[in-house]
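What follows is subunit A paired twice: with subunit B in the first complex and subunit C in the second.
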Partner chain A sequence: MRHTYSKRMIKNSLVSYSFLLPVIIGMAVFAMYPIVMSFIYSFTDYNGSFATTAGIFNYAEIFNFGLSGAGREVFNSFKITFIYVIASTALSMVVGYILALFLQRNIKGMKVIRLLCYLPVLIPGFVSGFIYRDIFAYSAMPVGNGLINTWLGKLGLGKLTFFGSAQTALASLVMTNLFGVGGGMIMLLAAFGNISPELYEAARIDGAGYMRRLFFITVPLSTPILFYNVVVSMITGLQIFGTMASYGTGIEDSLYFIGIRIYNTAFADNNYGLACAEGYLLFMVTIALSLLLFKFSGWVHYGED
Partner chain B sequence: MKHFKITAVLLGFIIIAASLFGCGFMKKNSDLDKEMSAIIQNTKFDVSSDYKGELVIARNMESGEITNLKAFIDTFKVKYPNIKVTEQEYPSANYVTTLQSENAAANNSGNYKNMFDVFWTAENEMPSYVTLDMLMPLDYFDREDDSFSTDGLVDSMVADSSLDGHMYVMPRDYNQLVMYYNKDLFDAANVAVPSSTESMSTEQFASMLESLQTYLTAQGDANYYSLDAYWNWESLLWPYVKSFGSELITKNDGKTVCNYQSDATLEAYTKLKEMQIARYIPNAGNSAMGLFGMGNAALGIHSRAVLTSLLDANVVKNIGVAPLPQFGKEYYIGAGCSGYGMYRHAPHTTEAWLFLKHIVSQEGQEEFGKTGNGVPVLKSALADKNASWCTFTHANLVNGFDHNAYVYAMGTDAVTSTRDYKQYLAPAQIYKVKTEFQNSVQYILNYTGVDNYLDKDAGIPYYIKLAQNKIAATLKKDVK
Partner chain C sequence: MERINIYKKKPDVAAHIVKYVVSALVIVVLLFPYAFMLNKSLFTSAEAASVNVHFWPQHFEIKNYGIIVKYLPNLKNTLIILAINCFFQPFTACFCAFPLARHKFIGKKFMFMLVMSTVMVPSIILQIPTYIMFSSFGLINKLASQWIQAFWGGGALSIFLVIQFMRSLPHELDEAATIDGANQYQIFFRVVLPNVVNVFLYLAISMFIGLWMDFQNPLIYLRKPEVFTLALAFYADYSNSTTIVNQTNELCAMAVMMTVPPMIVFLLFQKTMIGGIKIGGVKG
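On to the complex of A and B.
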């Protein structure tokens, strides 16, 4: 069937597009163009100024695990990032959930406690990183210790290495992330609020105790938000970069996340081509893991199910 | 919906087409000699003082650099009143990355009309600029210009400003490490101040630190130390470890190798750690020599560049200067320089070359000396005891402040620079080697304790081995 357009329809369309134009231009310049260009750069030896050759050598370099290749370092960064994502996501989910369960109670002063729990989320990540670095600073010598180790010293107790040891740096970072569970917690509180009180009432009449109500009503009906939190936490975790400002790459590169490696490859080594290839590998991994999560999301209980 | 699809497809096509064909980031093979010949032909070398032109300088907004550049520009304007000098301001924190981004944008568009002509560069950033083809090889200008020669400049600084046989930066200063002292603290401790004309031996230095610390500890304030130095700084760390016989990168049978894991390095780090255990030094220090500046350290090691900020802080009222002491078996002093480079696609090469020549001219160096921020790179100015850098004075300097400490042993084999090992590295390797080198001392000072600092699995030997392995791995990487 042949479409016919009246002058009025065309005029309406033009008006619509003129309103959309700023967004389209913005998307094209700040999203599409960098996406396309970085993909092209990943096939060149672009050094931040110019490129001389093109080919798939950057991708070959990433998968070159010999001494001359970047494979070992890149995959070590992926390993550190994966450990961080798994530990951080699991811990923040559990702690956030327990906290949300506690904070949903309707008792006096609860709103203030909720606010206090949410407050650390408002502090920008790189600022809180500096705060935690100073609080948890460790030095084997008397000078240069943070608040916690100074207190431990005054109490005559042994110091904790925190970010001062390759064995404890990652665990310390995961621990400091717990101060940010307020974000997920707020969403869970909203999810709890959406569960119909009649369900609890009916369960109570049927003689269900707190634990049964928790595992058969609260948990299943909050799984969509839990799933959302897991997906978002995984994606942001894979892209972690803000720690560089306060901890650098960590002692013995224990916090050398893939995001930081991409940055250093580009801006310190002037190897933008390889950095772009690493970026696209991270992109593919993120997509693959996201699809995997959706594939195994049968445990998520949606209202209409 | 159909409209949207058509628009999206068109937009995508335009972007991809623009990316592939409209951008000039692919560089064709070029002949440097040929390119430079064209540039030299377009540059005038026999201009008089009434030459009319325009010069654009990318100014780093760091306070010391503002003062330094102003000194050069003011005198340049007197010499060439008809050259209009425009200063483009760049925040200090992002100076390097912003210049590099602008260069990338200009390369992509192929339009260099609005680019700067001259920019400031530190010695350690030069390799990166060269890799990005941002610096004009000045040796071509030098060869063409009969009125100019680098012979009048300190040779080692000219060498530090060169890479792969080309001179890329016009050195501005001669930056040698010295030892500042707080005379008031020395007097209070009843310890004789170090000589400004003779370097201290290892034993004299150790004895002085001990005497100072005994007094400072007796005062009951744990925040006072004998010595404040930025150990996590390759310019100091290198002469320190070298004085014990340590090597970092060498060339053996045509192969670049790392030799850092050695008894000499172990001895150097052990001595440093023992200085920390004895409380002579607190930790790895910081670039601003904060403890000395606050009056909490009797001695501080740095270069001339920090002098005016120490004086302006007005906390330490009696600052003296002495040559660097001998740390190990041999005597070494670290020295380096910063300077100004001409942008590779500078729109005004004649004016830029005139300005760079002015930097190392008698008038330029004299005016620079007046700022108090640097020691000139011009040999004649260095030799002139009445030159401004040598007569610079301030109420917070000790009576008889001896500027000669800044040139102590200059021209001898004792003066060393990080070029010793960087000459063997590709620009892409320099950052990684520097990072691991500096990390090693930071780890040792921060993370080894009194009980385990010699432990082979957790002490100094472990961290030296770690640095060795990381640097060796960097050397094995393919470098394009």
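On to the complex of A and C.
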């Protein structure tokens, strides 16, 4: 298809691009250049200081599912990461939305209640790891248990394994993420505040009850922020790495996310070439999933449409 | 108006009780780790190291909080980084989001996807080349390594968030300004930017909270103790595992103190952040 643009369109576009100048420069220097360099490294045996050979051997290694290849481990990490992304996105969205709906009400002391809900988000990351460990520690012995298991023991109940078993470690991580649910909630509250009160007033006059107002006004008009939360949660979830400071790779590698594997390949094994190849695979997967999300974003309602 | 109030009075009492009970339950659960951290900050060292795990402190060791004096010299570094990032990142994010949210221009879809694609790049891919680039610019051990990236749009996620809010603004706003003869820059500064103040503040505050606590990025570029940020100095002292085992009480005291500044910022700006984007422009 051949396009001819009017002079006015071209002039307007130049104005638009002048606004985009900072991000264009920033992307070129801080994203494109490193991306290209990493791409080159992924075809070499670069170890952080020099490379000796070049070829597609890093990619061959990832897709080698034999005993000597990295294939099985890499794809197991992807599997764990996918489960984590789906579970934590779904759970934190649902809980966050319900909490925000609830905290939207104006009752006395709501300001303080909101602050208290937000407080857990403010605990420094590496500190919260230590605290969760103190709270959820599991040991088969009478000593070495955390707060919860000590209390369960006193009540004569069975102990919960939490991070102490490969079966429950991932679920425990998703659960502890909920302590940070106040972060997304704030954004939802801002989005709710954006909805014109006249809409609610009109609906109330028409006799719409709370549920009808919720599903015909609040939910549709907060879909742009819901969509934003889904996209962000998916992208950041795929790159999850911060858990390494507190849990390492988890018991029996149950928390060996792909981000941690890439980090270890690069900095523990000094195999930066292979790490870049793994990173590129993660990159491609992220792009594919994001395109899917945008393709199926018909449910998002923008004011302009 | 009055009629509605009369009808509402009765169920209000029961509804209020339910609201407060639910709030209390949610808060008890959500605050459990924070409360434990607070309690532990008052443990004695012997208590913190003991195998007898308990929730309430048996002594109130206030002197644990003396630990903050040790970190005051690092505060200046953190404040410099915060000041630059908390203004320029949200500002450039709004600037770059403007055409993507409200203009029609050649290659718009492509630019949007290009900007968004940068978020999808795993940070590990960027890390080593960026490190090599920064060291060739002489930015290692310079605070500049922590703010040089503040002027370039504030990251794709910030831009995306601003776009989502700008798109919800009524188009009458720009149309009216265009009829009045305003150019696009005037429309941005006088019409659109004032209407996204809440997103701006949201970004600035998230940036404040994130950078206030971040030690991972400073850890890569700042190696000399005199350029350490507060969070990095704190992390550097406690990443040593023997210190952690012996002094979790002081660790918790410092962690509690670290949550205070973001808490104050949050309290001060809560209303502006949550109060909703001002769409009053059309009416008045």
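The definition used in the following text is that the second predicted complex is superposed on the first by the 271 of 305 C-alpha atoms of A that agree within 3 Å, B and C clash if a C-alpha of one lies under 4 Å from a C-alpha of the other, contacts with A are read in each partner's own complex, and residues count from 1 in each chain.
Note that in this section a contact is a pair of C-beta atoms (placed from the backbone, for glycine too) under 8 Å apart; a residue touches a chain by one contact, two chains touch by 3 or more.
Note that the structure is a prediction, hence the values are computed from the model and not measured.
Once the complexes are laid over each other on subunit A, subunit B and subunit C both fit without any clash.
In the superposed model, A:A268 lies in contact with subunit B only, and not with subunit C. In the superposed pair of complexes, A:S13 makes contact with subunit B and with subunit C alike. Of the two partner chains, neither subunit B nor subunit C is touched by A:A202. By the touch criterion defined above, A:A140 lies against subunit B but remains apart from subunit C after alignment on the C-alpha atoms of chain A. In the superposition on chain A, A:L292 makes contact with neither subunit B nor subunit C. More residues of subunit A are touched by C (comparison of subunit B with subunit C). Judged by the touch definition given at the top, the superposed model places A:L157 against neither subunit B nor subunit C. Shared-chain residue A:I251: touches subunit B; no touch with subunit C. Touch criterion met: A:T44 reaches subunit B, while subunit C stays clear of it.
Looking at the shared chain after the overlay, A:S165 reaches subunit B, while subunit C stays out of its contact range. The gap separating subunit B from subunit C in the superposed three-chain model is 6 Å, by closest C-alpha atoms. Comparing which residues of subunit A touch subunit B with which touch subunit C, the overlap comprises 13, 17, 33, 37, 41, 48, 143-144.
Looking at the complex, you find that subunit A touches subunit C at residues 5, 9-10, 12-13, 15-17, 19-20, 22-23, 25-27, 29-31, 33-35, 37-38, 41, 48, 99, 102, 105, 107, 111, 113-128, 130-132, 134-135, 137, 143-147, 150, 179, 181-182, 186-187, 189-190, 192-196, 224-225, 227-228, 231-232, 235, 238-239, 241, 259, 262-263, 266, 272, 275-276, 279-280, 282-283, 286-287, 290, 302-304.
Within the complex formed with subunit B, the subunit A residues making contact are 3, 13, 17, 24, 28, 32-33, 36-37, 40-41, 44-52, 54, 61, 67-70, 138-144, 161, 164-165, 251-252, 267-271. Those residues of subunit C whose C-beta lies close enough to touch subunit A in the complex are 16, 19-20, 22-23, 26-27, 30-34, 36-37, 40, 51, 53-55, 92, 95-96, 98-100, 103-108, 111, 114-130, 132-133, 149, 151-153, 157, 159-161, 164-165, 167-171, 183-184, 188, 198-199, 202, 209, 213, 215, 231, 234-235, 238-239, 244, 248, 251-252, 255, 258-259, 262-263, 266-267, 270-271, 273-277, 279. Those residues of subunit B that touch subunit A in the shared complex are 2-3, 7, 11-12, 15-16, 18-20, 23, 25-27, 29, 97, 100, 103-104, 107, 128, 131-134, 222, 276-277, 282-283, 427-428, 431-432, 443, 445-450, 452, 466, 473, 476-478, 480.
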